[in-house]
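These notes open a run of structures that come right after.
Look for chain A in each of the two complexes below; its partner is chain B in the first and chain C in the second.
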Partner chain A sequence: MEESKGKIGLKEFIVLTIIMIGTKVADDTPAILFESLHNAGWMAPLINGIIAIIPIYLLIKVVTSYDRKGLIHVTNDLFGKFFGFSIVFILWVFLFSALIIDTAIYADIITSVYYIKTPTIIIYGVLMLVCAYGAKRGLEQIGSVAYLTYPYLQLTFFIALLLTITQGNVHFLFPLFGPGGWEVLKESALKLSIYGDLLYLFILIPYISSTKNFKKGTWIAFIIIVLNLTIAMASYVFFFDYNSVMELNYPYHEVIRTITGGFLTNLETFFFPFWIIASIVRFAIYLYLTAILFGHLFKIKHFEYVIPTLATLIVFIGVIPESTSSTIFQLRQGLLSISTPVFFFLPCLMWLVAKLKGVTKK
Partner chain B sequence: MLRKRFKKLLEDSPPPEDKKSSIKDIKVKEAIIDPNLDKTLEIFQSIYSYPNNQDVKIRKMNISGLRKNGAILYIDTITNPMVIEEHIISPLLTNEDKTKEISEIVTAQSITPKIVINEALIEINKGNVALFIEGESRVYLIGASQFEARSVEKPENENVVKGPKEAFIEKAATNISLIRKKIKNENLVVESLVISERSNNNLFLVYEKDLVNNKILQNVKNRLDSLNVDAIQNLSLLEQQIEERKYSIFPTILYTERPDRAASFIEDGHIVLLMDNSPDSLVLPATFWSFYHNSEDHYLRFPYGNFTRLLRFLALFITLFTSSLYVAVVTFHSEMVPPDLLLAIAATREKVPFPAAFEVLVMELAFELIREAGLRVPSPIGPTIGIVGALILGQAAVQANIVSPIVVIVVALGGLSSFAIGDISMNFAIRISRFLLLVSASFFGLYGITAFFTAGMFYLVSIKSFGVPYLSPMTPTYVSSGDTVFRRILKNEIFRPGYLKPKDMEKR
Partner chain C sequence: MIKLISIVKFISLFVLLLILGGCWDQKETEEQAYVIAIGLDKAEESENLVKVTYLISNPEAGTAAVGGGSSSEPPREIISFEAEDFVTSRNLANTVIAKQITYDILQIIVVSEDFARDDDFVRWIYDATKSMEIRRDSKLLITKEDTLTFLEINQPKLETRPHEYFKMLFARGKETAMLPVSDLNTFFRITEADADLFLGIYGTTEKSEKQHGKEPDQVIAGEFHYEGETNPTEFAGAAVFKEGKMIDVITIEDTRLAFLLNPTMNGVDILASFPDPFDENYHISTRVNKISDIKIKMDLKKEQPEINVTLPVSIDLLSNHSMTEYQLNEQNKEKLKKSFEDTLEKLFKDFVKKTQEEYKTEPFGWSLIARKKFLTIPEWEDFDWMKTYPDMKVNITVNVELGSFGRQGGLPSLEEVRD
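Right, the complex of A and B next:
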């Protein structure tokens, strides 16, 4: 009722996080990882998962020492007004460009894999329309929809994985370390920002029922995400072997096009709707987060009202690149590399400053 | 623009003649009763346009024991003649005792004195008898009302095989008694409110005072108080007056004609509204699940009850998606269908000159028309509609190559399933959504269906009924008996729904 307005519970938060980051398995993130890691690409989510524990742990430590204050407040408090503003601004730029690039990729997936004849801008427009509608409803509603749909999303994903693994070949995994142990570690670490979105979750703390739930939820969701990503990436290798998997832009969609189940020979249209739901929920959260940051930066109290404008802007910027699959792919790779140090060092810096200022001891 | 002008014109013009006279009328009605009997009677006669108004009766008499003149006034079509004769007139005329008060003489069930004319009028209009005594500046109102109503019958819309078979009728007093029969508890409160200004329609709020959340109760009362309407005849009209989203296709107030269902909602901490002229009750707040449930789900044993729930759940999705999925698959995703079936579909569609979307839309519309016509048709010719619908529209349309046989199957399946959703409001909501999904499927195939469905979910979770989220207790999660898609065994249904914040959470 009135008291719980805008707050989301533990379950909703967990599934929200899983959908937000776990969906990456079905876009071109695997392709980026496979490109440099060959058949050891599946290890990257795992290795990165282990590395990412450090920044997440530090950030949780810093942020939870404040009483139910989000990342925005904490950065302002730690770095002062000017640097705080700059950091939030940089975060916003990253998020907004990630949102544009990701949505452009998703629109490209839909048009190039499923709707070859439909103009991209229409598909893109519909996608952003629904996302903007969802984001405008508020975080509570996004959380609820995530919670309602998650079991089915995860179930269909599992079915897809099961079919993939049974129809694949385990021996494709070897040699285990692909281009070499050190190489794997180095290249993985450079793509650490596949988990970078976790940073943005800290903005949501004031909207979550309790700090304890946030802490618990982040860890649970993180573990599930790492498992999901690792298993899925490994099963791509099972199925295609590394040579072809490196060539594929969107392995998940190639997988569901290729697998068969009983009398149904083309399963992709069965999995496609669930992937769309996940994507819509994912971008709705992104859009909401972008709006929060934007609202904070430019002192807009009712930030929900900028969501439609942002969504329109995204569509128009997103359709500019002409051959999406290759241009955007490059852009995304670049963005991942640039944001990696931010994701790793910002929490460390915050922890250090907090330590020096003596905030964490309170 | 025009409307604004018109509005301004209305506001500027002086009050018309009628309005002036009605202001005078209101003044008369707010006055206090005159001790002079003749004068008082004159006022009442003019208010009731006495000799012209056929069923208004005035009987003058001399109250023997008190040696005073008196008169009774009543509307004889809504009063009980036996009560007037035996408990009012006869004791007044035969009384010999000089020391007795009026309330001691009259033997009717209730007697209340009123001073203001207006208050007396309300009671007279309800079928009570007004007794005026010479020299007294008050009027005695004696309970003698009797409205015509049918007797308690079986429910028409919410049929069950197992369980009680009583339904509400158009008389609120009977309905309250049906509820009291199920909840024999002193905490069951029946509050009465007058909700309309001209017709003085009475509304009864029924709740258990040691369960109901005061905030919700106050919220409901506030909304009822803020009504500013001349007449609200029954609950179906009231529902539309007090609901939050008047354009929404999803209902937010449950409408049930079963007293057992209403009683079980009261026992959970809900508020039930009853009214004269309404063979039903309104339950609020209502969630999506209450529209999806049926009282029989709980009367049947656990496995059977959940089996019906499962069927209903399937029916819900079949109704929503069959026709749109067919259009999407045939138009956009033909590779999804196994080749043999695809060839079969293609063969049947070969002679049909229309696109699949148009074909399905036509058939869906035809189905809805048959349904609507079947509902309105006088019962003697009812079977004809069935024959016409099935034979002409089904068989002949296929033979004339207007639709393909598979479309008939698709539409019939969806139409049949839609009957499994018992609640009439939810039924409409689902049927309308089906058309919207069909349209989005014909534009974007599965992508359109999914996008629209997701948007619909966003909408669904943002609806609130008197502050209660529509899909609670599923999401947002609340402590409850977990009675959503499926139910638990009765032993495990321990809690009242947490979203109502009842004063007593546990059911035992």
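Right, the complex of A and C next:
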């Protein structure tokens, strides 16, 4: 890795994390959660938030006992060369498939909701072009863009939420426990990997100004993300009631098309640009992370140069599935379920090994 | 070299401008035909077809910008034909209309009563959720006659631009509680929740001779008689939908009652008349307002589930034809209050009875309150609101608070005037 690269500070790191994970509320993640949890879908981010404290806490403990070394170095150190390589490889596969699936979904949202006549591949291409450009510029620049745009993103998101909640109905939250208390707990825990991206943030440690900042930043961002997701999910239920919300592919986009602000109608034209900026920042980080992992796996020193190639590859794989929204929806659901145990047990395992090796004591 | 790079960058900025046009989705406002209302009727011959009617608004009509001869164009255009659904019908319309049909500012879906009462109506209306341009806040309007006749005859005199006309009409109707809030989102929600009744706006251009009830408020659209030079269209009362199918029409009075009993709706300017307790020849006109939220207590665990509703309203007197003294006479006030309460309670009781016996479920959104009593969805679905509601015991208590007695409180005593 190039240590000489510019580093990002606490603020940039926080907003980067929030945009990276918080944006999920505006794609089909809510649909996945509502599908099994009905009107209790809003509890999932909260329950998962509580569960996710364990792996994050353990991982922070392990990784910070090394001096400013990222997740890649730590895995290699803990598990040896072969297992370290395998784990990083698995992580890369997850990240890369998540990136393909997510970008395909975003391209689908844009084509099916906003630009109906434009061919998907054009939209997809433009989207990835911009993301690749952003990723190529490096983490520092992505961080700055994230920091610059975050206030506007959060503000518009709040306006959307406020309008949704005022035009909704609190009664729709009941019966409170949806399909049943135990069911809610189980089904949410299975979707724990909605926070799985946090794992990848640990790769970035060498690029962050200090370990203390990283620790602090992770927790602050995490709390904001959980709040954002929970409130947004609850407001979708407020607005649609559980039967309808389960049928929707992209609740956020359905919401911003339906809410009106006084005499202002067709509000989606206002919210859409902000959403697209958030998405671009999000995928730029994803691409960057994929490139770091890829660079490490295949010993490429200037990993930035593989970003355009990866982006091109993503577009061509992403357009393969037919009827994107439903195929990808299932793929995504599958990916979420598979990556959940990894997200939970890998940190536990690492902590255990670190404990046995006596790393954490140092 | 650096200069060259910056020139290249500068040029590529302009290339980016091309994307801003919206690629293939670029639209010229001038080249669009804006559909304000879609009418849906049963096709005459085939069951697999639907008759689609478009009301296309001319955005130029009535604007201050005169010039280029645009002001002479009529404010609207109507076209009606049979198609497979109202999504693909857009291109068919282009055989007649030169511009591209767009649903971007679609406001209303008009459905004829005949079609709404059809079992298959639900299949067609759900097309609206497929087409991305149709918004979930579009209104649903049910007409007595077929939609083409309705849209043709409906020619507002003073507000000729159809998009403005409908917007104002619905907003006012909601305020006066004469028209239900009838949007697609609510329709889908209630149909899917399978518990309550949905109330849709009912309108017509046909006049009918007979009337539902004797009182002036007991009318539905078409029964309100008026003279003068205006638009023959009437919007009054509500179409009742159960499980996505229209089953009945209720009068203005009942619509108001439904408004008052619904915890989620708020009429602000409800004018109503009550029999005068001091002289049965006269009526007292009033303005009724919900003071605070309606209180609904439910006991659903009992053998016969019970619902207790307390409705606090304030009533302002707007007329006093029996010329009774209220201002200083506490006894008269009490009597008046009691009479209002009794009248309202009786009206509510009759209406609730009708919903229980005739419709088997209610349009008040009470099932939402009932849901709070259950912890999980399976429990709630087992309870089966539609099955249990008809046998429930419903008690309605009205608490009337007398508001103002008009700008001038007292009236001269009639006896003294005639003396």
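Things to note:
Note that the second predicted complex is superposed on the first by the 357 of 362 C-alpha atoms of A that agree within 3 Å, B and C clash if a C-alpha of one lies under 4 Å from a C-alpha of the other, contacts with A are read in each partner's own complex, and residues count from 1 in each chain.
Everything that follows uses one rule, which is that contacts are C-beta pairs under 8 Å (C-beta built on N, C-alpha and C of every residue); 3 or more make two chains touch, one makes a residue touch a chain.
Here the structure is a predicted model, which is why all the values come from computation and not from measurement.
After superposition onto chain A, the partners chain B and chain C occupy overlapping space and clash.
In the superposed model, A:Thr166 makes contact with neither chain B nor chain C. In the superposition on chain A, A:Phe270 makes contact with chain B only, while chain C stays out of contact range. By the touch criterion defined above, A:Val281 lies against chain B but remains apart from chain C after alignment on the C-alpha atoms of chain A. Contacts of A:Glu12 after superposition on the shared chain: chain B is touched, whereas chain C is not.
By the document's definition of touching, both partners, chain B and chain C, reach A:Val126. Once the two complexes are laid over each other on the shared chain, residue contacts for A:Val145 go to chain B alone; chain C is not touched.
Contacts of A:Thr309 after superposition on the shared chain: neither chain B nor chain C is touched.
By the touch criterion stated above, A:Tyr115 is placed in contact with chain B and with chain C alike. Working note: chain B versus chain C after chain A overlay, options 435-443, 453-461, 471-479 or 489-497, clashing stretch identified as 435-443. Where the contact sets of chain A with chain B and with chain C meet, they give residues 114-115, 118, 123, 126, 265-266.
For chain A in complex with chain C, the residues that touch the partner chain are 38-39, 112-119, 122-123, 126, 169, 171-172, 174-181, 240-244, 247, 254, 257-260, 265-266.
Interface of chain B with chain A (complex): residues 215, 329, 332-333, 335-336, 338-339, 444-455, 457-459, 461-462, 467-469, 471, 474-477, 499, 501. Those residues of chain C that touch chain A in the complex are listed here as 19, 22-25, 104-105, 129, 132-133, 135-137, 185, 188-189, 192-194, 263-264, 365, 368-369, 371-372, 374-380.
Across the interface of their complex, chain B is touched by residues 1-2, 4, 8-9, 11-12, 110, 114-115, 118, 123, 126-127, 129-130, 133-134, 137-138, 140-145, 147-149, 263-266, 268-270, 272-273, 276-277, 280-281, 284 of chain A.
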